[in-house]
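Both complexes shown next keep subunit A, but they swap its partner, so subunit B is in the first and subunit C is in the second.
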Partner chain A sequence: MSGSPPAGRALAPAHRLVLVVLALTTLLALAIAIAVSFGAAQVPLWQRLLGGAWSDAQQAILLALRLPRVLAAAALGGLLGVAGVAFQALLRNPLADPYVLGVSGGASLGGVVALLAGAAGLGVPVAAFAGALASLIAIERIATSGGRLTVFTLLLTGAIFNAFSAALIYFLQSVASREELSAIVFYLMGRVPSAGLSTLAALWGAGVAITLALFASARDFNALTAGEEGAQQLGVDVERLKRRTFVLGSLATALAVATAGLIGFVGLVVPHILRRLLGPDHRLLLPAAFLGGASFLVLADLAARTLAAPTELPVGVVTALLGGPFFLLLLRRSGPASGEGAGYGARDV
Partner chain B sequence: MSEPAPATPLLEARDLTVSYGAHHVLAGVDLDLRPGSVVGLLGPNGAGKSTLVRALSGVLGRFAGTIRIAGKDLRALSRREVARRIAVVPQEPRFEFPFTALEVVVMGRHPHLTGLAFESADDIAIARRALERCGASHLARRPIDQLSSGERQRIVFARALAQQAPVLLLDEPASFLDLRFQVELFDRLRELAEEGTGIVAVLHDLNLAAEYCDRIVLLQAGRVVAAGPTAEVLTYRNLTAVYETEIYVDLNDLTGALVVTPLSSRARRRLQESPPGPDRPPAP
Partner chain C sequence: MTTRRPAPLVGRFAALGLLACWACGTPPQPRAAGGERIAVMAPSAAETLVELGVADRIVAVGDFVDWPPEIARLPKIGAYDAPNAERLVELGVTQLFTAASQAGRGEHSKLERLGIRVVALDTSTFAGTLASMAECGRAVGRVPEADALLATIEARIQAVRARAAAAPRRRVLVAVGHDPVYVAGPGSHLDTLVTLAGGENVAHDALSPYQMMALEAVLERAPEVIVDSADNKPGSPHGLAAGIWGRWPFLPAVAGGRVAFVDPWRLLVPGPRLAEMAELMGRLVHPELFGEPQPEDFAGAPRGGGEE
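The block that comes next holds the complex of A and B.
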């Protein structure tokens, strides 16, 4: 049966959820272990596990530099993965990504303005987050009419906000000094910071909270695949669901962009791969997207640190270089002609 | 066709008006649905049939008049409460994500599940029975986006059955079905009616309506032109006026069912050339 879904789908969803979370948590733990072990200095984790000891320098590198950065990468990847799934469900289009609804534009603009104003340290991400919140509220207001949030208007408003923010950023770049210009370019390129404890706590706290909050609507997202009216006729409060999803997904995106700039492809490729492996049930996809996105970005950041050492690549470049061809390969291998996933995109917008 | 009227209908609409700007899609529509009754909604394109189904299912934000479900005002019920009482089979179900047919039917249990609950073994059993009842068990594991339109229609009908609501609304449920499945679907509908379900179905095929409906509501330009028992509504005069083409109604010699025949221009010419004999009088 070429058309039959993966064999695992014979299991009850609750059992599959436990299996999926266990498997992906193991994957994430492995990815973290590998990522903290490699870099400019080797701090192999297994050396410690085999009874050996680290030098003080190794210990310091691991705890002060490597681990905070790897944990930040994990939380950022998780946020982007979950935001991707949320917006794909909201727009009923598997090709949506976290940046499509406009908050990323507001975040970038906020960050750039803060850079030009001479902000340092946490000033830049805080300003970026403020920019994202401002655009979130504005976009929601504009896309609401008669008490209803129109998904089509939301999409258009988001696109216009992104274009407008980009134009303003280009304008600011053109009047900026040479040093400011390179700071802006570096900021926007997408890289994982070596985060302090408060940033780590914020990213992880928000990541887990947003994933759980979206997971609470997972069955509603499944029903929403039958269309807005179809979901209403199955008992879903669609207006509330849309608003909640837009706000939660945008918050996740805002946090990610504010701390790390624009890291592409995570929110698109990870949900796509997981949907192929697990099927479209959002009760599995949402937790899987957090764990899978986390693992993906931890490894991508490892590549960014080590591939061109001692130079460090922006992780956004790595995710796009890895993600782009991989995504095309997936599309080619089971394209529209060969059944599963046929018509992905083809029937959409 | 005796209908001892119970105190409260399953579903009733009073003076229902739906407008887009100055244009009335529905104007002052009344409708009553009692347990065990199959009501057919008929009328030409643009008469407001689908809008009436959407309004009755509660998805229209704005309408004037009242809709009551088992005596309760629709506006006072939550989406979940409505979905437990009314199941809908939409005209052209669309699916963008490859859920299996069984997964789609299980979604019919959504209004019965609360919070984070996963569906129980009971819910799965109800869904499987619904699939079986629609003769679609063999499709259970197929992704819904790979099924034909007719197969998808049967799956969505099964989903509505799994919803176990006392009211079933269908919008042209037979449009993609071949004859065998049309007959099966309507036989199922009659069974459900016998079990007490109230059914409202938008129909294009006047002969299906004549055979299976207890009552007919005939709509034109958003207004009810005629409503009542099937044989009283499906007349040459009503149908010819509403559909704006000549439509004859007579009885099938074999089954005794009403037969509705739109008169083609060829048939009209034939009639003029050789008028019917004395044993077959022309329709009124």
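The block that comes next holds the complex of A and C.
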């Protein structure tokens, strides 16, 4: 298939995987190093490494604010990237992103209700995660008929869940006080938090675990590109695959939205960019989406933190402004995808 | 900025239910004197009008107006600068005092066509607040009263400025929101108050009167005084205490015990109380000149005015 990259002919899949993971890990490490070096405040990071000293304020800026935020951005970007690949494979639809299946609506609604109830600290993300889990279960029940999860019904149910949550949130906004309203707007706008250790551990742990779990189904995703019947003929338990993908992708989305609100574009554009660069093989795409999504959000959040310092831009603005043009450029240079569905999986399993 | 705590969620749903009920519309209040029937949306204009002695003409207020007590219980007609036009007509309103805004303009010309004269006031800056008090005086035919009010305010403010003139400038952060940190920047009345009370606003380079500020920048700028007026939730702490800022013990304001949690009502509604605000800011920034702040300096509106 014409979507296969040239390197595929020269290297065995395992070698390509090692190469891609190494390259993207280096990219992520570089992105993190750059991101902790800059911020609204000046911290002479490299002087310290050469034996200089920091003030208490500089130490707090770096260790309590900046580093946790950069690490959170990496995990969040990874979760969104992986969820994007998973949902695009599941729905065999180029427009799928982590928010399309309704779980983000439930998460936002949970978070907004918690904000209005006066929750503080971890109360809001925990409520948002609970809202996401509740909607995950509800959507799965509704979209299942006769023991089968129909992709078409799943997509529609997700869209309706999102619209319904949005309507409820608008309603809550209209009866909220002025302070509550601004809290809600900030929450929904999406912002990478300077997360605490437990949140960082949860995000990274889940990010790596979900990526590995989906990676275990990478061959099945490749088979699914040929359609559900085609995959079935190749011996894939399609029902199990769909359910697993929906649950794992939704969990990744739930965690991301609960901690950081709705950060758009990462889960849509990163999978597409990587597919253009690496080809459609999910054995490469899934780990690459975690590492690539992580690097992308780390750099986008760096821009959000520094471009308008001492104030901050919403990171979603940056992800869209960076990701949109870059993706279009890539689309122009490499030409249109080779036929229907070509980007969303490999037929040559 | 409103200073009362929001009604609980359940209460608000109940209120919506009541609104939906056709039979329970409030009949027009027989309050108006001197012809005009005034509705006032902006808390700051409400205080000015009452100060000018026209409280008896006011027949309706915006949702966020809960002070002074004389008018706090009048029928509520909507939030921000968007009054409910049907309610205005029903209550026989002839004059509407509201905040000037781009969004409100179209709405305002519609109200003018209904025979309601709209007085749009800009209280987003210190100078605008003073000008809007004069404008209120003209609009209700109380120019001498407005002039006298302004003269008193300006004299008291001048006294604060004079006393602080020779004092060393202290770096001051005025927080009006916590998560993310929102600060008062140049152009806000709070920025002017800080400057005239002998302080230097650490958010001097903010791009707008109220802006989000990265916590990194707050820590780097090391404020010596933090005035925290962000929280009006019930049970929120008032007074001199490190509070949430205690997480950063190296901040001069925290180390020196100069973090003040002040109820938003004390500082955030620019209007006739500007002079009191200037004096309070003096006690917060330079207690050695103006005296230590007293417990009532931090508390919300007295006598629970407007509490339902």
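The criterion applied here is as follows: the second predicted complex is superposed on the first by the 299 of 349 C-alpha atoms of A that agree within 3 Å, B and C clash if a C-alpha of one lies under 4 Å from a C-alpha of the other, contacts with A are read in each partner's own complex, and residues count from 1 in each chain.
As a convention for this text, a residue touches a chain if its C-beta (ideal position, glycine included) is under 8 Å from a C-beta of that chain, and two chains touch if they have at least 3 such contacts.
Keep in mind that this is a model prediction, so the values were computed, not measured.
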item: Partner chain in contact with A:223 - subunit B first, subunit C second, else both or neither; value: first
item: Which of subunit B and subunit C A:14 touches, first, second, both or neither; value: first
item: Residue contacts on subunit A - larger count, subunit B or subunit C; value: B
item: Subunit B versus subunit C as contact partner of A:56, first or second or both or neither; value: second
item: Residues of subunit C touching subunit A in the complex; value: 1-2, 6, 9, 12-13, 16, 64, 79-80, 177, 179-180, 203, 205-207, 211-217, 219-220, 222, 232-233, 247-251
item: Subunit C contact footprint on subunit A (complex, rising order); value: 39-42, 55-58, 60-61, 64-66, 116-118, 175-180, 182-183, 186, 191, 194, 305, 308-312
item: For the subunit B and subunit A complex, residues of the former touching the latter; value: 54, 57-59, 61-62, 78-84, 86-88, 90, 93-100, 103-104, 107-108, 110-111, 113, 115-116, 118-119, 124, 141-143, 145-146, 163
item: Residue ranges of subunit A touching subunit B (in the complex, touch as defined); value: 1, 3-5, 9, 12-14, 92-94, 146-148, 215-216, 218-219, 222-223, 225-227, 229-230, 232-238, 275, 279-281, 283, 339-343, 347-348
